[in-house]
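Presented sequentially are two complexes of chain A, the first with chain B as partner and the second with chain C.
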Partner chain A sequence: MNARRILTVMHKEWREMVRDPLSLVMGFVLPFALMLLIGFGMTFDVENIPLAIVDRDGSAASRDYAYRFIGSRYFDFKGYLADERKAAPLLMDGKLRAVIVIAERFERDLLAGRPAAVQVLLDGAFPDRVRITKGYISAINAAATRELIAGYLSRRDGIPAAQANELLQPFGLEMRYLYNQGVKSDWSIPPKLIMFILFFVPAFMTSLRVVREKETGTIFNIYTSPLTRVEFLLAKLAPYVAIALVNLVVLWLLAVLVFRAPFKGSFTLFFAAGALYVIATTCIGMLVSVFVRTQIAAMLISLVITFVPALQYSELEEPVTSMDPEGQLITYLLPGMHYVRVIMGTFLKNVGLEVLWPEALTLAVQAGGLFFACYLLFHKRVKA
Partner chain B sequence: MGEAALVERVGGHGPGRPPPAEAEPARPVVRVRGFGKRYRGVPAVDGVDLEIRRGEIHGLIGPDGAGKSSLMKAIAGVLTFEAGSVEVFGVALDSEATCERVKSRLGFMPQGLGLNLYADLSVEENVDFFARLHLVPERALAERKAKLLAMTRLDRFRERPMKHLSGGMKQKLGLACTLIHEPELIVLDEPTTGVDAVSRREFWAILAELLQEKGITALVSTAYMDEAARFERASLLYSGRILAAGEPETIRRLVPGRVVALRSGDPVAAMARLKARFTQVEARGPWLNAFVAGADAAGARAAVSDALAGVPVENLNVMDPDLEDVFVALLQNRNAGGEERPAARAAAGGAPRGGIAIEALELTRDFGSFRAVDHASFRVPQGEIFGLLGANGAGKTTVIKMLTGIIRPSGGSGRVAGVEMRAAAREIKERIGYMSQAFSLYGDLTVLENIHLYAGIYGLGARATRARAEWVTGMAGLSGHEGDAAGSLPMGLRQRLALGCALVHRPQVLFLDEPTSGVDPIGRRRFWDILFALSREEGVAVLVTTHYMSEAEHCDHLALMYAGRIVADATPARMKLEVEAEAGCLLEVASGAPHRAVLALRRAGYAGAALFGTRVHVFSRDADGDLARIPPLLHSAGIEAVSVAPRRLSMEDVFVHRVSALETRDPAAPGGRP
Partner chain C sequence: MIRPAASRALRWWRQLQVMTVKELLQVARDTPLMLFFVFAFTVQIVMGGGRPGFELRNALLHVRDADNSAASRELASRFRPPYYVFHGAGGRPDAATRLLDRGDAMVVMDIPEGFERALAQGRPTAVQVQVDTTNSAVGLLAATYAQQIAADYATEIALARAGITAGELQSLPVIREEQRAWFNPNQDNRWFFSVGDMVMMVTLLTILLSTAALAREKERGTVEQLLVSPLSPLQILLPKVLAMTLVVVAGTMVSVFAVLGPVFSMPLQGSLPLFFTITAIYGFTSSGLGLFAATVTRNLSQAGLLAIFLFVPIILFSGIHTPDEGMPGWLHTIVLFNPMAHYIDATYSILLRGAGLDLVWDSVLAMALLGAAVFGFGVWRFRRQFE
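Right after this comes the complex of A and B.
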């Protein structure tokens, strides 16, 4: 191994990159922009659902019932509508996602002991959100029902309202959310995005830059020089690993400062595991470039083999245990999930190497294995 | 360069540096035996033997697809092969590991203008990169860099990014980068393709000087037959096989015979007679050339006169064949070219004759502050082949685009096929045919589909389409290929198909933008045959742009463009006469020590003396005097075996002379070479 040769190639690579606006954007602007765009856009919290109410009864009881929704933080009350026909176009435009229709004779039925009719219209275009909205409405409706019965009990038996309320809840259900007490998406999504972005951006960039040398013919300078294969791989990978490490820190800062995700664990562990992770993803890009000849092919293939896994097989959205066995196998073989676990461990759980060593070890093996694969497959004497 | 170092040397062949200890002096630097390479099962090179001696410039000459690049890459140790053996510096290249053993001792420059250089790095950074990659010590690097950049005249552009260099400068930089680690062997794959004639000459001169000085061995490929004279020894490659090898003179003698050039009052009839009798006949402007195999001067003259009995003949001259004639003859002998006679052409429509087909009047085009075309005026009569000659960027394509109505001129006007083009761009398009540099064909469509597509674009009816498709396949020799994808055809056929598509609507004016790059000599001759027939028999006016000087010889009339202006406008013969009147006639000096002969001649006041392989070319104002003066002059410098003979000027000589004169007068001209 000759340090001067390695430095020469690294230096050239670096100079070319900083002079190429496209590479600069890809290397430094893209990760930053993606973090902000996806971080703000991708939230699973369902709040401020636009709501309208059609109150056909107009009684004290119906107003009382309506206020339970109007006052909720989950709903953004847009106003009363005269009848539900007016609701249809607004639902269609997405200006409303939920409409509650309180029937005539609401109060009269209630007082008469008959079930009072309430109709709910929901926009079913986003199934997950609809399920959550439905949950909110059911819960508010159940609370209203319970209070009504509690008031009735308290008046009938002469007991305090609070006691009557307790009587109606024989199973005291108490939930505590660990690690993310507020169940806030902002706490878990942006940190996971660090994994997501650093999965495909380094792979993408590396494959493009190496294939470009093939496409133009400059790769022949490498082939015909005394530079060894290991020297070439080290020199070629190092600049992109370095860029990815800069991004690792930038994205970490964004998660902590902009998205206010709490970081409780060891930064050293987060960074060291991150370094292994980006070596692995950079090597994936190098592997792609060994097999293809054109930049367009490199782009497509590295997108397919890194973007999709980063999205689907990395515990970004769902835990590996809820996948079928094939999915689980893919997830375990790829570096994404292992690093997501380090991220969750250092951001939210404050656990260290004593718990995360299997993930760290796996990342190290993957980085080493991928580099070795590059070594085996990259040749300075080619078939065509 | 160190002139003293040169003068010490004895001949043209000894190495300037002592050979490495393990190599015997007699051992060739490269020895290839039975070499074979296949791509996806299709053989590209088959059974090639090649030997390159220490210190020589060995040429690999052949058209595109002959297998030159495969062979060169294998010798450079970067391509695997299936058959035979390749030995470099005595090391058999049989595995990736053995290839590594020779890499510090060789330099390789792949094909393509500047494609092995880094576009975003400056000239100096490129050189530094190559040097450090090969661990050249910093002090040696500084010295060699200064010298190489000075020789290549790139030292003024040290800071300039490679992507902003002209084609010729890129190739010179590529050469400097390839030589910076002082390899013993360099392999240059088509270093002069796509480079204008002036830069090409400069490139060869620098290469010869550097190789000579360091005793470097070189393997250089080219697709230009006329560059063969640059090599000490050469191998002609065609379809993956060696056709002939040896010194250019020896190869030339492989096919004895003479070329007879003549003019005739009835060129069509003369052409037909000659074609019936001789295998190689071609039209070069008003001249018809026929190769008479196996004949001496008198025999050739007699044979041609006999063949042309009854046809008016003027100016009959007998010449030695050039390498291209030999190449074609060799191909015909072994029947490798598959030369079928072009089918008889469908009867030509009565063509209007004598009128002016194209007229450019003070055509001017500005792009921002840059004037691409500057008051260009010329006329092309119906039935004439007109060549627009110039380096890349001289404005040729812009002229064509204005004349075809693709872009509007900033000033001036032009009439094409009798139509004022400013007013009626659409009408013009129906009367002209246009074939672009890229052969605008659809590679995934078949031959017939391409023809039908163009027929459809020009609105031909079903019957006319069928008739024209038949005509095109017959004219282009495409029978049997109708169902083949256009992209899979060999270069020559693809080119003729593109020509056919441009002719499908029977235009009276044909524009060809750089039409014949990379086509083998036989294919190129067939192409010019077709143009000859079109212009002579159907009266079609043909405007060709080219930077290939050998193509210029085929034109009836030439206009030379430089920096957007037309700087000369005459027949090829007239242009040559004008240059001879200005610079004198050309003398070719053969000797046993050509490198020293150049220096001796320059010292004696022949400033323009230039090396062409083993010969030296000098311009002489007093030919008879110099013919007598030069031999004793060289003898007194200790150079043996001197012979001097006058030589016909080539179009390349004319071009280089004209452009060099303009450059010295106007070095900062836009569109010229920087």
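Right after this comes the complex of A and C.
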């Protein structure tokens, strides 16, 4: 390895970058702007569910019951419907997500001491949201049922309603939400976005670097030069790793200062693991670049193979424990999840290398392995 | 004089055809790219369809039972798979924090000493549950389910003490709910995610391919050749959009007939011709966005970065990842201009809910208007940039 040769090629890369100032500026503005836009917009909270009620009974009791839903912040009450047939097209069009149908004899049944029937129709197209909506509805119904039983007990045993209600709750759960006290998605999303954005942006920027020289033919200058493969790859990667490192710090600052996410752990650990992570993602871009022949293919492949896993196989959304074995394998093989663990450990949990060493080690192995793969795939000879 | 006009129209049409074939050939000759298309519309959809979603599955549960009574064991045993996996018991008080820190447990439950006695004597008591909410959506599910399980158990104990049996409960004034999820009765995640992934692939490929197709011509200078040819800007740009639209419509056909039906046994409810027509309209709109990115930039690197800035928010705020109801108000307004949000609406309505054009026409109209505006701007910019 010859440091002067590496510096020469790096200098050439740098000149190229400076002569395309818009790309360079966008390389910094894009992560910044994405962080703000997604950080403020993304949420997994299921609230304001559009709801309609079909009140076939039209009694005082059924109206009281309906108000449990109308008053809930989880539902956005769109109005009463005359019957279920009116609900079908609205559910089909996605204008309503839930319809509560109160049966005709609702009040009469309750007064007679019989169970009263309520039917819930849900738009099943979004299973995640259906599960949560079902939970909200069941909780409201459970509360209503408990009050009704308490009323029955107080009448039967001649005790005050409040006492009866207390009797029905012999123990409670004291919930403690760790690391994210308000269970606000806001705290966990912006830090994870650092991983998300630095997965595909560096990979894309690097993916054009070699294939561009192949398309324009300047790669033959490299082929005929005394430059070794390692020197060439290092010189090509270094400027993009440097850009990504600046972005790493900028995104961290945004997470802490703008989104007010608590950062409890060691910045050194966050940054060192982040450096390994961006080396890995930059190398993914390089790997695509040495593999394909056209810039179009490089752009498309590098973006899809980084953007999709950044979204799906990284613990940005669902945790690895709930995935099926294939999904788990992909998640463990890619760098995203390992860095998310370091991010969560240093941001919300305050744990150090004593807990996070497996993640740090994995990132190091991935960065090294990906660089080695680039080395194996890049040849200074045109394939016949 | 109808003849010259007719022959002009015919020539215009032939030129458009030739250019479209040229675009398609360019794509077809790129072998890695072709392989990638096949991957994107088959393997990727199969894998994406297998996502678990925000479902509570295998949450690691650690129980510290200081009471060790029948009641406490009963409570702990109600935390069952597939939601919770019993992952350990006991340990000193500070061990809980360490377990949660390391991710060795997601839920730690502490049952106090004298739990059973308190229940028997009717004294109020509490069980402490600590939940790791670094993943807020799943953490919230774990907490909600825990509360449901505890409430059910508590009610059972209370009713037994009041001398009410489970059978008698059916002759008490209670609310009996019957929940039915239409269109996907078993909440099969795969139906949701596979369609979502297909739509995401259509978006990614149309935006990126059309960006790349134009940016490359600009970078190589072949666009100058096109400009001096007898082609109008419309005849240069429209074939690129048409070619990409054809590619993605073919791709969705492969997905629908080879994956959604056979692999995920999705009951394709609505009209498939309607769905493919809407896909073509969306392909036009979203390729138009790609052309826009390429017309306002100078090379592929700039165009690609701008395309990222377009497709990332378009995908994340389409309704698949962030529920539209939960979005902040300012975002709601922006999402009206997100063509993928309209395409998603129409796609789920047609494929899953069996809706027809009478219900989804508004989404289709919004997509077409957005497409016409974006494409019109692209043609206008394209002409201007060389003047």
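Assume the second predicted complex is superposed on the first by the 290 of 384 C-alpha atoms of A that agree within 3 Å, B and C clash if a C-alpha of one lies under 4 Å from a C-alpha of the other, contacts with A are read in each partner's own complex, and residues count from 1 in each chain.
Everything below uses one rule, namely that a contact is a pair of C-beta atoms (placed from the backbone, for glycine too) under 8 Å apart; a residue touches a chain by one contact, two chains touch by 3 or more.
Remember, predicted model here, so these are calculated numbers, not experimental data.
K.L.:
Looking only at chain A, is it chain B or chain C that touches more of its residues?
P.N.:
C
K.L.:
So, does A:A82 touch the first partner chain B, the second partner chain C, both, or neither?
P.N.:
It touches nothing on chain B or chain C.
K.L.:
Which of the two partners, first being chain B and second being chain C, lies in contact with A:L376: first, second, both, or neither?
P.N.:
neither
K.L.:
Go through the superposed model and pick first if A:D20 touches only chain B, second if only chain C, both, or neither.
P.N.:
both
K.L.:
Using the touch definition from the top, say if A:V246 reaches chain B (first), chain C (second), both or neither.
P.N.:
In the superposed model, A:V246 contacts neither chain B nor chain C.
K.L.:
Under the stated touch criterion, which partner chain does A:P319 make contact with: chain B (first), chain C (second), both, or neither?
P.N.:
Second partner only.
K.L.:
Please indicate which partner A:V118 is in contact with in the superposed arrangement: first for chain B, second for chain C, both, or neither.
P.N.:
second
K.L.:
Residue by residue on chain A, keep only those touching chain B in one complex and chain C in the other, then list them.
P.N.:
In chain A, positions 20 sit in both the chain B and chain C interfaces.
K.L.:
For chain A, which residues count as touching chain C in their complex?
P.N.:
Result: residues 20, 22-23, 26-27, 30, 33-34, 37-38, 40-50, 65, 76, 89, 91-94, 97, 109-132, 134-135, 137-139, 141-142, 144-146, 148-149, 151-153, 157, 166-180, 183-185, 187-188, 200-201, 204-205, 208, 212, 215, 291-297, 299-301, 303-304, 307-308, 311-312, 315, 317-319, 321-324, 326-327, 330, 341, 344-345, 348-349, 351, 355 of chain A touch chain C.
K.L.:
Looking at the complex, which residues from chain A come into contact with chain B?
P.N.:
2, 4-5, 8-9, 12, 15-16, 19-20, 216-218, 220-221, 223-228, 379-384
K.L.:
In the complex formed with chain A, which residues of chain C make contact?
P.N.:
My answer: residues 30, 32-33, 36, 40, 44, 47-48, 50-60, 100-103, 106, 115, 118-119, 122, 124-141, 143-148, 150-151, 154-155, 157-159, 161-162, 170-185, 187-189, 191-192, 200-201, 204-205, 208-209, 211-213, 216, 219-220, 297-302, 304-306, 308-309, 312-313, 315-317, 321-323, 325-328, 331, 345, 348-349, 352-355, 359-360.
K.L.:
Write out the stretch or stretches of chain B touching chain A in their complex.
P.N.:
39, 76-80, 96, 99-100, 103-104, 106-108, 110-112, 115-121, 125, 129-130, 132-135, 161
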